[in-house]
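What follows is a set of structures to go through.
Same chain, two partners: chain A is paired with chain B first, then with chain C.
And then the complex of A and B:
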């Protein structure tokens, strides 16, 4: 009788220990899930901050800037001819401005939605560097300049444009 | 004689075992979580530093300086990494937590940043940026120093002295130097020797060559291994930009805009640079091309 009661108590103890362990494992998993969702939020915030700060400066970076090609040194001026060449070599610049950061330059006037390719340039409106759709972005106004030929004369043509920088949303990424 | 023994009921025994187990688990998980949290914080701060360096980059200015203050004592380890593309700038942070430096293996990598530092530590850091040009602008070089460390420039050329004064960065001085400051001499011998005519910096027994002031500061504020690696990364950027301008030259020739610059020569010279000792070769090629560009029918940059 005593032996049987002892066995029962041992069984009770085993079940209790299992239940307690399981409880802590579940609590631990919950905490970790919350922590990781917080990390993804922080990562997205950092990517957003990067895009926001990048958009104010990227027009002056050597891969985009006009330099003195169109007269004097200009700030926030993008060389469209150079950007078109950058677009053809974009594989070399993979993740260069940030993880999965995409850059698009959109003419404000004349307005339109024709995507630029080497075939239709300069009669187009949007230069999308990575040819990927832009979802979430930050933008800045720039002047978009290029060399043009009219009546056999080469001249500089500058138009008002907007540069858009999109960033990776880590919260959309599934485990 | 009756033998004495400790009589513990099953309830007590269970309570002790379960209690000890629960306590052990709680302590173990808390310590693990604190560790993970610290690693995440270090990685986040590292990325934040890199992101915050974006506005430091230069537009029209010749140089600019800013201060960055962190809430806790931090050691910023910067490392250069080479690869067959642009290489990478690694930022790895270690922060003081409960009097001990955290040890994180997480490295934040930036492809478009060039930071020159000697792994500064403290709460406040000075960040000073200067454009690097080889005919055309290549990038902005970033120099990071701890506010606690003073650099004393002795017998510097007039334009360097003027630039340092203009920067108004408190830890870069030309006179009234602290006793513990790092001495940078442009003549004579001291901690860091700069031979401005032969264009090299002598530091810890290593010679680092430069072609302009931006790389001179880079050699002063970093160690030779990192400097040589960053120079190679810069040359990779030069090679890619040269290729971009070569493509642009061909593209704009369609509208009658001719430039005739030998940019492929610059690309090949930059790509084949073995060490900073051969920097003059690239610099001379770049100067030659830049002169032609300045008088070209259509300027490429």
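And then the complex of A and C:
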């Protein structure tokens, strides 16, 4: 027969094990709650990081870059004619640069607020690729170049612009 | 009186609690520290210089009707005159002032406090007078871009204060 002292010891150990298990379960639940509460924030941060990386490199990607159309190979140079053609075929680039990522090119100098369409190009200032509103964004300076005609002579015209990349804000999404 | 063995156990227990608490605090501090978005990013300043140098000005010479800003700097260094009789340095200075004013607005309660642009030759001589606006603050982002055209070498220094 187990004596009373040993029974007490077993009881003590059981209580101790229960307490320790309960403690770890509570801590685990706390950690999980904290982690999942910041999930949307983390998703937005990732989208933001993607937008920042995109904005630094997109001007030199084949869909946008001037290449050698304007003399030497130029960095941060966007071919405006190419972008207008891209805008007309933008449906084929669905989610190509990320989910709900919108790209806008805005002339800084000379300044203006005329939205570009095939009808008014090149006498306009803003090329919005997806024709959606830009909410939160990252931006970078670029040179927006095109071929222009003056007195029957073709020349390269480059203007200063900003490329804006907007990203999805997951914190705005309702559950 | 508490026996010595019990005292030692208590000290050990307290030490473990303190150690766990310190590790926990460090972990909490690190996880709560979010990287702050900079007002001005370095890549913006670098891209700005690269982009404005490609800008097509309204000053031309006998080779090109409209010089890119980078070539206008060389024309200014060589003391050339535009086709419409304006001095290339005057056109350079006014165009750059307008470009920077459009790109980095410092009026009102904007986060940008000021800027400075200088174009200097290898020997330290200014190509055009310093273009600046606003205040010089402790926080800044700047870059220097050297150029080695056929004529004299020069560099473009641009700093934004925020």
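What we mean here is this: the second predicted complex is superposed on the first by the 138 of 175 C-alpha atoms of A that agree within 3 Å, B and C clash if a C-alpha of one lies under 4 Å from a C-alpha of the other, contacts with A are read in each partner's own complex, and residues count from 1 in each chain.
Methods note: contacts are C-beta pairs under 8 Å (C-beta built on N, C-alpha and C of every residue); 3 or more make two chains touch, one makes a residue touch a chain.
All of these numbers come straight from a predicted model, not from anything done at the bench.
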item: Per-residue touch tally on chain A - higher for chain B or for chain C; value: B
item: Touching partner for A:56 - first (chain B), second (chain C), both, neither; value: both
item: Touched partner set for A:75, first chain B, second chain C, both or neither; value: both
item: A:111 touches, of chain B and chain C: first, second, both or neither?; value: second
item: Contacts of A:139 with chain B and chain C, given as first, second, both or neither; value: second
item: Touching partner for A:152 - first (chain B), second (chain C), both, neither; value: first
item: First (chain B), second (chain C), both or neither touched by A:13; value: first
item: On chain A, the residue positions that both chain B and chain C contact, one per complex; value: 56, 75
item: Residues of chain B that touch chain A when the two form their complex; value: 10, 14, 17-18, 21-22, 25-26, 29, 33, 36-37, 40, 44, 47-48, 51-52, 54-55, 57-60, 85-86, 111-112, 136-139, 240-241, 243-245, 247-248, 251-252, 255-257, 297-301
item: Parts of chain A lying in touch with chain B, wherever the complex brings them together; value: 6, 9, 12-13, 16-17, 20-21, 24, 28, 31, 35, 39, 42, 46, 49-50, 53-54, 56-57, 60-63, 65, 67-69, 73, 75, 79, 81-82, 84-86, 88-89, 92-97, 147-149, 152, 154
item: Interface residues, chain C side, partner chain A - complex; value: 41, 43-44, 47-48, 50-52, 54-56, 64-66, 68, 98-99, 102-103
item: Interface residues, chain A side, partner chain C - complex; value: 52, 56, 59, 74-77, 108-111, 139-143, 145, 150, 153, 155-162
